[in-house]
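Down below is the structure, laid out as structure tokens.
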């Protein structure tokens, strides 16, 4: 066996196919976005669905360009993102910690299962009045709703992830007398990580949805409140422009997490398979 | 005899995670239709890599594999593979019988024939009563035998086996060796057999291909001119056997040491 | 010599998915401190099961395992295990070095010492330059050697190995055999070694325990009174070796056939 | 004995929490947090009557249809995306975009497209329920063991057979995770969907109670929602245990023997 | 950050101003207060008005009850229904009134131009959109159908947000729509009016929306609310006298098409809430099951007395 410790020149040569691959990378997403954009332009124009209630993409974009000139939009985005981020971090932290604790202690899991299943399907929106009463109409209410909704997403994923540990890997750790912490950190965590990532990605969009919904319903300043105003004034194009912003935020969030995933899950079959299989 | 398998200037480089490994530098050889060829070589030589390229599972970096005249671009029809990682090649959600049956269903065989083939294969590997167990309820050696049974029941034209007897005990191993040779002889299956065991390679093959250490090339190609009828006790005791054994052994020693072959090239 | 390991009337029945398998019926034996015992037996005999019970990873259905006077209820301190399913016992998210290093960190060894132990172990298994690779970038034999290196670097009091050389080539195997014996001799590690290879069991052990086919009991317990200093070429050529080899072989034949042992019981 | 233990474990925490709620809310004068006794009173009056058939049953039917559709779409699309890298990378931004749009905004748009009947309510459920199924399926499919994939390919398993015998079973534990998530999200979206353009349904009732300040009634509806979620999840677990028997057996063989 | 506004016993003066948190819905009715604030009617009384917006009235009740908002805007039926459920809300001032002009009111019932529906009585078995079920607009629908001699129970009311209702009316998803400005103007193209329901309730102008607070806040801060009520009333009077300024105010808090701004029917703004008006609503609300209990005028409306 020979490890080709490539000298610099060689490494440059070896790297040659890589940029080609990297260059190819954005093609698929761009094609996907283009197709979607064309549809978003043509379907409303055709008037097949929904008459003129669905503005074509071009006018939505024009509206958005106009809005982008005002600080109002950027402030709103900033506020929404703040609520979203705080809520998401709290939800993920709570979900991961509780998930591991419950997932690793069988009797705790048995004891909490019924309660979890009871609380999970309760919609955050139904809790809005109670939340306003306790947390007020500020962004804290939005954060609370996000934590409530996002927590379950992460929790369930973590529970399934913890269950997915390879028995041989677990026995290996046990035979070498790994401490509980080491088992968690070196065996459970890496196994559950792909599940956790899916949980975070689910929670991230749920959190964004709730940040906006909370602003929409409660009236906390932010994107949602702008949408609410646009909606109740009948400014459909404006409303879709704002919805577009929300969607783009969602896409950016996903790009971020995909990147994180690629960095932390390099060993995972889904990431490593790139290596030359037919 | 026509050429069944042709490997031409095969080269395989793994590139992943910043590690670039030249597993196979340049391998050329051909295997005739109905031939039984054993492949030996040091650990990490690229035997598994070679087999996967032959099976159309890995794309060579350069060179090509030709099977019955047409270049291999994907897994060809009528080929069975026994993987080195036998445990992971069985589907844990299927029972032993179902695991063996699945490829047969793919072939479109009728129900009764499949049932018969599965039962015969299970009996051949001495697992007659484990058919309804799941693979993870079996011992390592039993799992490996299931993987062998699956390949055997498939009745392939080409059989690729990657250290198929590594996890079974000596006695079972001897039985399985004879099973594989019988199958090969009766059905005329072109067989490529990777092993670490020099005695095994000599006992089984009509030919032993010795690979060098990585980056790999063919170091020696030994024709095993023992009689077709072989016997675990008598064949292994012949002077011819001992000589061939020594020859292959030398080849491997050379391979480990990185020397060119010192044994006479066939 | 005091008893290190005592197995008393061990019985293990697997019950899962409606299948009830009596893997071990009744095993009793003891291993003295610093002894090297090999365990042989047909595939599916329950060797892996026995080892897992010894390691405190499986709870016996009846009977008990006593280690240094206290009953085993969980993995005991200072024990290292090389699993038969070597591939799955390596963590795919850690590099080879990290895989070996992790148990050492658990022991609380200082950084430099760990680095040294890891490097030495890697060199001993001839993987000096694969430290930064991930396990799935290695060949089967290389993975198995990583698992061995991990156990070796751990410097255990008790070493349990389950067919640790199944996937490595003959030459490497010989080297590793000598490595394990050297370690055992130099560090006084109590070693239990499961293998299929009769020659190997005789060459390595001070004692070979022959298990019957499942449901398992001890069929034969052969003391190997070869000199402590052994040599791959000369030791294997001695008449004593041949005789012991034959004795163990008979034991296994009997085991397969389900006969009581015909060799004289030690 | 074992069963008694399990029942005790399952009931212990809920009983404790309900007791806690009962005690702390007993003298509540806060309009929005009425005493539990009052809520339960309303629970009996409202839901153990004809209203169950009028409001809860239609909701459940919508939920189940929506869930089934999501499962089919999520798994089908997930498998397609998981198996074809280019397709996945192409579709991902668009899907992420759709995912980030709040259903509260989406609902009216869906109503435009699908009318204001049950169709649009089911579509609302699908619009949220499908994501966890989809994402989990994609990840599950992508994580299939390489040796198994090689095995299937080498034995000439057709694409369809690989799907049925390898890809789906291999991904099934993760798909189950997605379905479980989807079930509760579906329940949530059932409520949200019924907030608009509905004339009956559990969600409709809860929102009506909320708007007309019938707070104890609203809480009783929320409790019912939780109970339904619990029952559905218990059913789900039952089915999961059968479908994933091999997996649970594989994972638990070790645990149980220790 | 209301500058300690929820503390008891506040006495706002121009020298020691008090920040008051208001909860509004972005509709035409509240334009009067925006305008009044611009005119300085609030600051002159030591009140710094801070407006928060929400999507619907139901979301504004909890913050008023908890004291986060000092007052909020709502249509009168919502407040009635809260009061009937025992929520301690009090109306402190009028919000807006109907115009009492047939065919030119703030809420009307519209059908497509080519519809066969001629009168509300024809709505039996038809789908009629309202923005919120079991609330003001549905009640108006009921009133109109009854007044035309039809049976309100036979009408299928469906809940649709206004913009979507306009579309649904256009493509036939609903047969009729109960409108409210500015959506009456927006929906006017291709449709015609079949009823002006407020006129079916009473021949005079009715108080349709109000500003409310909680009893607790009133007790704690009577002086503040006296000042607040005075400021609101002055705003209403001013707005009624300056409709052009009201229209000019609209784009500051709504995303409204400039073409629509010139055309919308403005409500009548007037301080004071007549007992007849309240009684008419209570009667109708009870009759059509919008509320379950009687609410008396004195229970509902604050006397305005500081003591």
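Per-chain numbering from 1; labels A, B, C, D and E assigned in written order.
Rule of thumb we're sticking to: a residue touches a chain if its C-beta (ideal position, glycine included) is under 8 Å from a C-beta of that chain, and two chains touch if they have at least 3 such contacts.
Computed from a predicted model, the values in this text were never measured in an experiment.
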Common touching chains of subunit E and subunit A: D
Find the two chains joined by the most C-beta pairs in contact, please. A-D
In steps of 5 degrees, what rotation angle do you get fitting subunit B onto subunit C on the CA atoms? 180
Chain centre separation (subunit B, subunit C; CA means) in Å: 27
Can you give the whole-Å distance between the Cα centres of subunit A and subunit C? 47
Nearest whole angstrom, what separates the Cα centre of subunit C from the Cα centre of subunit E? 84
Centroid spacing, where centroids are CA-atom means, of subunit D and subunit E in whole angstrom: 38
Touching two or more other chains - residue numbers and ranges from subunit A: 1, 3, 50, 53, 129-130, 133, 171, 216-217, 231, 239, 268, 272, 277
Subunit E, residues touching no fewer than two other chains: 56, 58, 61-62, 65, 161, 163-164, 167
By the touch rule stated above, which residues of subunit D touch at least two different other chains? 32, 108, 112, 145, 210, 215, 246, 249-250, 253-254
Residues of subunit A that touch subunit E when the two form their complex: 50-53, 128-130, 132-133, 136-137, 216-219, 225, 228-236, 238-239
List of subunit A residues in touch with subunit C within their complex: 1, 3, 166, 168-169, 171-172, 174-179, 182, 186-187, 190, 267-268, 272
Quick check on the complex: what are the subunit B residues that touch subunit C? 14, 16-17, 19, 21, 40-49, 84-85, 87-88, 132-134, 137-142, 145, 163, 166-173, 196-198, 249, 252-253, 256
Touch list for subunit C against partner subunit A, complex: 52, 55-57, 74-75, 77, 79-81, 83, 85, 88-94, 102-103, 105-106, 129-130, 134, 136, 142, 154
Could you please specify the touching residues of subunit E with respect to subunit D in the complex? 56, 58, 61-62, 65, 78, 81-82, 85-88, 127, 132-135, 156-161, 163-164, 167-168, 173-174, 290
